[in-house]
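Paired with subunit B in one complex and with subunit C in the other, subunit A is shared by the two complexes that follow.
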Partner chain A sequence: MNAMLHEANAVDVEPLVARGLTHCYEGSNVLCGVDLALEPGSVLGLIGRNGAGKSTLIRAMLGLLEPLSGVAFVFGEPALKLSDAVKARLAYVPQQPEALAWLTAQQMLDYVGRFYPRWDAGFARNTLERWKIQPNKLLAKLSPGERQRVDLIRALASQPELLVLDEPAAALDPVARRELLREVALRAGESGTTVLFSSHIVSDLERVASQIAFLHQGRLLLHCGVDEAKERYARLWLPATLGTAAPAQALSRRRHDDGSLSLVVQRDAHDQWPEAANLPGARVDALGLEDLFVEIAE
Partner chain B sequence: MNFARLLVLPWLAWSQGKRRALLAVVLAIVAVSVIGGTVSYRPGAAWRLGAAHGAAVFNCLFWAAVLSQLMLLAREAHRLRLPVLGREAVASLALYALLSIVMPVLLLIWLGGDGAVALTEIVLGAGVGMAYACLPSWLGVWAGFVPIFSDHAARWLPMPAASPSGFLAWAVPCAAAVWLLIGAFWRGAVRRDDGLNRARKPILLNLRSYAWHGLDRGNYPEIESIRRRWRWLQPVVDLHRCGPGRTLFNLRVAMGGLGVPLTPASRARQVAVGLVSMLPAAVGLLLMLGSDDDPRQVLSGLNGTGLTMFLLVVIGAILVLQPVERLRLRWARQNAELPLLALLPGLGDATSLRRALLGAALLYPVGIQLVLTLLLLVLGERLQMDAAGYALLLLGQFAGAGMSVALSLAMLGGLSIHRGWLGVLCICGILLIGVNCVLALLAFDGQSLVCHPGVALTLAMLWAGFFAPLVRIGVRGWRAFHRRPHPFLPNA
Partner chain C sequence: MDASLLTVQPAAPEPIYRQIVEQLRRLIAGGQLVAGELLPSVREVAGFHAINPMTVSRAYSLAESEGLLERLRGKGMVVAATRRSGRPRLRGKGMVVAATRRSGQTESQRLALLEPQLAALARHAGELELPAEAVLDRLGRLMRNRG
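Up next, the complex of A and B:
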């Protein structure tokens, strides 16, 4: 009973929770039992290769698709049956947004703004101006980057407590990308907004994310703090002669042409590298986030 | 540049399968025409005039469907800086002109026909076909009304049968003007490397743009059509009544299409533009209505009013399927309106939201059917139709609306129906509605044809065969629609 109460409370406080999400498209698995929870006020960067299942995971977590199995909760409510109160607290920007192409940018913001109790019309107006987007231009006539920016304005102007961005920087130029990241960091730092964003650009993650999650072939390979990821994971290189001593547990394993082995390993509960790291000839290389991503994903 | 290559060139625009199918159709038409012409040959002017007319119709279709593709080839050749290929495209056009125009004319001259008249008629036919493909849509669309025009033009213009010289007096300048226009737009389409503006883009290029995006072309045609509109023609959406508690209105804005609420000024502009663009159709309908007293009609009902009613019924049945296609595209896109609506607060509880969504989806198609039904009833009164005729007309309109409702429910419920099967069902529905209308119109000696027991029984069986799967789809769609956790889940 206590366990159940504890679980219910945990769900209440966490803005976004996924449990055992599984989904497939045309017979191939896209998500394989993914568990993920966002802590309030955290900025989680979701990273993975194309087709890793990032967008599907995000959409399943927000109730935008019905997974084959598993459940997702947003502020404690089942994602597929959200109340208006919860919807008003979250904002989502899809990859390459294409909604409401028959409205002008201003009309779209006016239309959407009517539904959000905390809509910041001033922010929307000023940001349109700052980002040099013509308010009277039809969305259909905007470039993909401009449309993405209008959708970001839409999401930010609703002053959400949970902001979910799917590849938000994909169509943005470096200046706009920098501005977006600054805005995200500001929201998270000052308003305590919880942010989940997926990206290919590791430098963006390093700039604003407090946590990262690696999704690879539908599985969540790691989920931890950004600094923790750099300290906890490393590349262990073993010469061909030590191949048999390689630890069984590794996030990735790659054999080179000369027979040597590269593995991504993690520290154990006592903060120690696997025993093989101490063998003569073995080498442990620290990994930056990008290297870690490449090592795992390759 | 050899003969075989020039012969093959226009056919390269299609994949091998489509090319074979199209070639088979063209060869079949040519074979049937030659055999039919040989069998029915009678020395005399009537046969020669009929043959010239047939050749003109064939050329119209052939140039529109096949030879117009050479413009795409010439355009690509220019853009890729391949001058030889560009010259080959023009040479191929000349070769086909020789084969499809000059040879039939020589044959007709050999059979004793008037060469000038035959040449003019066939050149005009080919020009109409080419004009449809190579002129911008606002000009090319007129080519579609040529069959109606040619059926009724004899009242005002001299035709080959009645006055060959009179025919040449107006047809030669017309043919020259059409081909000059084609030449000008061909040149523009081929030589302009950058995007052509909306007023100059030939229909063919638009069709090719759509074809590149495949069958599941997402929202490309819709966005492209909005993009290409002049600023003054852009619809201005009326947002005054939007907001929480106005779910139907909110959904009409969010779902786009013809159901979007517009400001009064914008609505008036759209209606005015619609009326102007329908002018050719209105002229055609008036021409048909004016032919009611044609003494050659054998069957009562098969006159101008009847044909108008038939066209309205069939066009109505096709029009109500357009919103279904729009729904299919909307519910296939994961990054557009669906996530926005799914996460938008204030759209109401699940029950009222579903009701409003159905209302927004069906308002336009059912409204169209209602307006058309009223029009048909008025036209039926003009024909003094009997009760059986009215009943059949109403049945057809009901079937059109039913088709729209059932398929919309299937889309909203996320039913996976094979596209081929869906296409067959829709085509059968449109054909059946058309046949139903014809039977409502036809009467022998004042008695409606459907009153004959054999006809009535056959029609009842056909309707039962159509309604059975339609009702099944509708019921399954309704259940699936209500089973969904929320209505804005995309279809797989």
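Up next, the complex of A and C:
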């Protein structure tokens, strides 16, 4: 009965919401008032440099860390007081898995599986084999990469409605990584799984993400659709002689040694670039997400 | 058609859904895809390339609205049947083959294939501060010399 109520709720309740999350470690701010909400069925790619606050944001959103101020909600429940019913709909893979190291991979999966109503034991078994992990080796004796792979299998086999992956790609070779991306993409598209996926490997996010958010120095610089980010933003280059024509509105502004100027600009409501883009000598270059991120994060 | 016929470059500035539409346009224009041919399902394309199925749906819908594809009930997407754009010119034998291969394409569809090159040309001309008339005149002469 409980499960049915939750199924009905899942349609309108946002799976994951952050409001004004602020946190600091040893006096320096890691999160400065972050607002973020995930739509059901979306795949949000969280991009940021090392130390940008990605893991802190994720932990605060899931209630694994009490923020200095602000609140987070998972399926409508306050993140710091999640019920078991909501926890069963959620799977999280941290960067460094720590739990249950005294079990073998198979024992851990069998044990954990009992807590999930929709556990897919066949998937767990097959994926262990495909990802070349010895099922009877102790988790403590696996390499960090293998530990993370076991953790990914655990997360996927529980068939969660919300899947949160913190830098999952680092531990995987290119073939396994592609396989993980395929799993994530198809689950989002077909089962409506909502995914939050952090990485500094932008091209991984570009394949599967429907939305991206750039986190830089504890703030969200940009949060929009992936296609929109590529189509709405571009780099405008102006030679030194046109410096005074530069538009006042720009996401970033960099002056080069020769006096020329690079700006990240945005199309207006009529899809037009700022007027300076039409001046003779000006140049507009389309940007991939990585270039866009580097331009605005510098 | 097989999903492997498409290539996807996630890091390119062009969104993936546009990359797919552009490739469909070329495959159809080049005769590799013929009218009525069944396209791989959204799931097949998304699975093969490990991309978001919504991206593939978006590409198919755009291709449909541009008249490249048609949605067949219960079957999926197929390459649209196209109107002929005038009769093939019968000059030399080579022409006939070329004209037949292209005959499924309207002039505007064929012109659309040149769009990336034309956009690049327009950009370069702008950077060199060349007036459109001079560029068009030169382009016209180059095309006539070929024929």
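One rule holds in what follows: the second predicted complex is superposed on the first by the 286 of 298 C-alpha atoms of A that agree within 3 Å, B and C clash if a C-alpha of one lies under 4 Å from a C-alpha of the other, contacts with A are read in each partner's own complex, and residues count from 1 in each chain.
Everything below uses one rule, namely that contacts are C-beta pairs under 8 Å (C-beta built on N, C-alpha and C of every residue); 3 or more make two chains touch, one makes a residue touch a chain.
Keep in mind that what you see is a predicted model, and the values were worked out from it rather than measured.
Participant: Superposed on subunit A, are subunit B and subunit C clashing or fitting side by side?
Facilitator: Fit.
Participant: Have a look at where A:13 lands relative to subunit B and subunit C in the superposition and call it first, second, both or neither.
Facilitator: Neither subunit B nor subunit C is touched by A:13.
Participant: Give one of first, second, both or neither to describe whether A:121 is in contact with subunit B, with subunit C, with both, or with none.
Facilitator: neither
Participant: Under the stated touch criterion, which partner chain does A:240 make contact with: subunit B (first), subunit C (second), both, or neither?
Facilitator: A:240 sits against neither subunit B nor subunit C.
Participant: On the A-aligned overlay, A:112 touches which partner chain: subunit B = first, subunit C = second, or both, or neither?
Facilitator: Once the two structures are laid over each other on A, A:112 reaches subunit B alone.
Participant: Is A:227 in contact with subunit B, with subunit C, with both, or with neither (first, second, both, neither)?
Facilitator: In the superposition, A:227 contacts subunit C only.
Participant: What is the contact status of A:210 with respect to subunit B (first) and subunit C (second): first, second, both, or neither?
Facilitator: In the superposition, A:210 contacts subunit C only.
Participant: In the superposition described above, what is the shortest C-alpha distance between subunit B and subunit C in Å? Please give a whole number.
Facilitator: 27
Participant: Residue overlap on subunit A between the subunit B contact set and the subunit C contact set?
Facilitator: No residue of subunit A touches both subunit B and subunit C.
Participant: Please name which positions on subunit C make contact with subunit A in the complex.
Facilitator: Against subunit A, subunit C makes touches at 8, 10-18, 42-43, 46-47, 49-55, 58, 123, 126-127, 129.
Participant: List the residues on subunit A that touch subunit B in their complex, please.
Facilitator: Listed in rising order, the residues are 25, 55, 59, 62-66, 80-82, 84-85, 87-88, 90-92, 94-103, 107, 110-112, 114-116, 138, 140-141.
Participant: Subunit A touches which residues of subunit B in the complex?
Facilitator: By the definition above, subunit B touches subunit A via 218-219, 222-223, 226-227, 234-235, 237, 239, 242-244, 253-254, 256, 260, 333-340, 342-347, 484-486, 488-490, 492.
Participant: Spell out the residues on subunit A that touch subunit C in their complex, using ranges where they run on.
Facilitator: 43, 178-179, 181-182, 185-186, 188-190, 202-203, 206-210, 226-227, 230-231, 280-281, 283, 285-291
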